[in-house]
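Next come two complexes built around subunit A: one with subunit B, the other with subunit C.
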Partner chain A sequence: MTAVPLPYRVVSNRPETTDTRTLTLRPVGEALPAFAPGQFAMLYAFGVGEIPVSVAGLQDGALTHTLRGVGAVSRALCAVRPGTQVGVRGPFGTGWDLPAATGRDLLVVAGGIGLAPLRPLVQAALSTPRNHGRLNILIGARTPEDLLYRSEPDAWGRPYCGMTVDRAGPEWTGHVGVVTTLLDQAAFTPHETTAFVCGPEVMIRATGRELLHRGVPAQHIRVSLERNMHCATGHCGHCQLGPLLLCRDGPVVGYDRAEPLLAVREL
Partner chain B sequence: MPSATAPPDADSTACVLDLEGIEALVRELRARGRTVIGPTARDGAIVLAELESADELPYGWGVELEAGYYRMKRRTDAMAFAHSAGPQSWKNFLHPERARQWTADRAPDGGMTVRAERPEPTSFAFLGVRPCDLRAIQIQDRVMIGGRHRDDAYEERRTGAFLIVVECVEPGATCFCVSMGTGPAAQPGYDLALTEVLDDSGHRFLARAGTEEGAEILESLPHRPADDITRTRAREDVEAAAGRMGRTMPDVDLRALLAGTLDAERWNDVAARCLTCGNCTMACPTCFCTTTEDVTDLTGDHAERWRRWESCYDMDFTHLPGGSVRSTGRSRYRQWLTHKLGTWWDQFDSSGCVGCGRCIVWCPVAIDITEEAHALHQESLEPQAETKGEAS
Partner chain C sequence: MKPTGLLAALPEGPRERLMELGREVSFPAGARIFEEGGRADHFWVIRDGGVNLDIHVPGRRSAVVETLGAGRLLGWSWLCPPHQWHLGAEATSPVHAWEFDASEVLALCERDPELDHALLTYVVEVIGRRLRAARTRLLDLYGPYGSGSPG
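And now, the complex of A and B:
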């Protein structure tokens, strides 16, 4: 269903960090087709509007979304009460395409809320360990309070799951620095690795550059990009990044395509 | 109907309609329940509006066009279609500037019901589609119904529309359809094609059908077999029009030109003139961008989603939590031009420009897309010239 939203019931709405919340939604009647990790939905807050939000979890037929309240719609969605309904359209866009990384080492690199779209990818990879090589998860955030899903990464680390923050408080005994500083501790063979990167654009560029430098092939660096979106169906024109319509050709694209486009200011 | 000895370029349905044939055409289309839209003189411009009869066509009117300039002008003859593109295009009808997409109602228990807007069945007949504008319609078809997600409302309006192309015999000073390969002769996609001829033998139209419905309608009108004089005159007038284009595009691969000039100095030059008003995007027959508006009634339990045209020149167009991606006029003009001539190919496998010249005419500061393309082309040649200069 791509034209009008289907009603979904809010099963839970819990705080994730100080400024993000995680919603779990279940279809009231008809369900949308299955989402793949990396794809996104258009979430509709009644009477307020719609925004694109990646899926952050896909278990038991429910849709999980983690979002930060920064605009009218995202604030309204952050405030929905369990039992009420929101509208959902989707699935839209390209996914991470884990099957294409079969047999390769996996390197998941997340910055801030960029971990949300990577979470279902990690869960999928953990459920099929024989299909790929070593799984590395690198998580960066501004402060320890901004780290998402705090209880989960402990169970993820096989062989490596690292976390780092830009600014530490007195209680933080872990890494401090940008997420790429964790790369030295990850176990992967660069030319046999597929990387999955999501975070602020500056972090994506820095990570892409570093991974290329280490020998990960550009087309095996999969990055998730963000632009303004209104329709998600390729008709509104807002999400253009040069030749790409990101709702259709993205949000996940190979760094071989993304790098030259991200290098142009205000493209 | 033409005999077997007709010239090889003759369409088997070719015939000649007099003015009474055109009157009968409008009557017949209306009798079939169609809303006939065509050019008419109104408010100092030739606009597209519903026609109740062929009398409303702008007989005897022409237009004078230049960058940032549009004036209607009395002709010395009674031609009805001797004017080039006006301020509107057919997208005003097929992809209207404001349309409701869905309505949603909230029940006391919090339940939500969403209903897609079912567009009223429309049955347009477009009379006087210029060949460049026929291409523009086909380009919007690719955008709206050519991909994975089809716009049902557009499809409904589009598939119900009957298209009568009128070939161009009087191009304007801002026209460049020859450069874009879209005119002035009719290309496939029409239901009927007409060529207006006015000479000592009278005022008449060479008509051809492109579809069965077109042939059926043509057959029902007062007509006579196409004579050689009319055929020849029609062909010569259209050929002459091709030689009278007011503008040209540089004769290069425009897609490659735009892909290779993202850092050009020319963007600063045009940005110093461009008001980022978005007039070019509103007048352009292919520009399709829209935004959405969500509204509720006073109870708050009835909501509507509306879609309206938006322009890539609007500051909010690329809004993200961190601010607008394209915050400068330079980047917004560059986006429009590179999309229109370049990245449109990547996205929809065609050019986004048909050479109608509307963006030139309706720019309040007379920015000329062809002049900008020529300037970018010149600048793309410069570094080579400088290197040569240094070497010598």
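And now, the complex of A and C:
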């Protein structure tokens, strides 16, 4: 972890959807320590600002980040051209901790761009199939055009991978509805399952409630929360959620801790 | 086969009495099972396959609003007036289902308060679940930040 951004070069910038891009970065000189799936980096668009972005891929020493252009910094990062340098700090926060789920069924539930932080977890699980039970990947998106990494689920092959959209166009032949409706098609033994959930917090609550109802223990429901992270080192307090500083104690926390906090109004 | 959905929700006695009225049916992929505005005189419990619920949009292709899969109840408009389907239903893959004649089931419920209560409780739960899902989707959760906010 570094307090000062290290320079990384953008080696590719590819579109995922109309407003979402995936950047691949390589260190110009010194590299940051290894990231774990679920952790995040602070990406600095020089002269514009810095934002937290979860790591969406960890291969061959490169960092992959998927981000949506919604503010000044994220739009600047979405617009960077290959060869440009950006600043990177990290790794920050808690990860998904896949080793803690050894021997258990895995249930990955992603909503919208929430698939990005889960992607390296899926890749890690696919590369270690003997370490866990059945792998289920459930993905929800607004429309078919908003699905990320569209070519990848076919290559994932072995696990059950369900995709659903809120609004279907005429070309869509898949599932329509909220992501929790895919749970009926997933194969898992609830009390022997670890779930990994990322998406809008309303979706996290709905999914957490449904998983608890089905018997998945709260401490085995891992959710990734998002707040306004600034320093990323637990000092500034911008990302406080009740007793948690999410840059340090999160973003991934057990639902046993998250559930009561997500139920508090205006927290 | 292990019961799921409606059949799992009913106690054993009422489930057996209901199943005496059920018959196995199949629909090929693409089959229209019922049409919006039609008389709702049957319902189905999907054993396997998928069914899209759709709504007619004048001048455009019908919009799919939800997909139902194995174990799910297909159709509840038979339960209350005006007994008309408010959506259409189309098989997205070969579908096997238990089909029930609504008038027979309603007549049985008249004589069987235990089944009547269990069935009504389940259908209300299904309607509530689908209403919650529809309201959640109204929030446009995955859209750009604030796009689902009022005002």
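As a convention for this text, the second predicted complex is superposed on the first by the 264 of 267 C-alpha atoms of A that agree within 3 Å, B and C clash if a C-alpha of one lies under 4 Å from a C-alpha of the other, contacts with A are read in each partner's own complex, and residues count from 1 in each chain.
Note that a residue touches a chain if its C-beta (ideal position, glycine included) is under 8 Å from a C-beta of that chain, and two chains touch if they have at least 3 such contacts.
What you are looking at is a predicted structure, and each value in this text was computed from that prediction instead of being measured.
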Which superposed partner A:G83 touches (first subunit B, second subunit C, both, neither): first
Touching partner for A:G237 - first (subunit B), second (subunit C), both, neither: first
First, second, both or neither for A:V70, with subunit B first and subunit C second: both
Contacts of A:R248 with subunit B and subunit C, given as first, second, both or neither: first
Contacts of A:R26 with subunit B and subunit C, given as first, second, both or neither: neither
Which superposed partner A:A3 touches (first subunit B, second subunit C, both, neither): first
Touch count on subunit A, higher of subunit B and subunit C: B
Partner chain in contact with A:R209 - subunit B first, subunit C second, else both or neither: neither
Subunit A positions touched by subunit B in one structure and by subunit C in the second: 68, 70, 200
Subunit A-facing residues of subunit B, complex: 101-102, 104, 106, 110-116, 143-144, 147-149, 151-152, 262-263, 288-292, 294-296, 300, 303, 305, 307, 310, 312, 317-322, 325-328, 330-331, 335, 338-339, 342-343, 346-347
Of all residues in subunit A, those that touch subunit C in their complex: 19, 68, 70, 111-113, 140-142, 146, 164, 166-168, 170, 172-178, 180-181, 184-185, 199-200, 202-203, 206
Touch list for subunit A against partner subunit B, complex: 2-7, 28, 44, 46-50, 68, 70-71, 83-87, 200, 226-228, 230-231, 233-238, 240, 242-245, 248, 264-267
Partner subunit A, residues of subunit C touching it in the complex: 4, 50, 52, 61, 63-67, 69-72, 92, 132-133, 136-137, 139-145
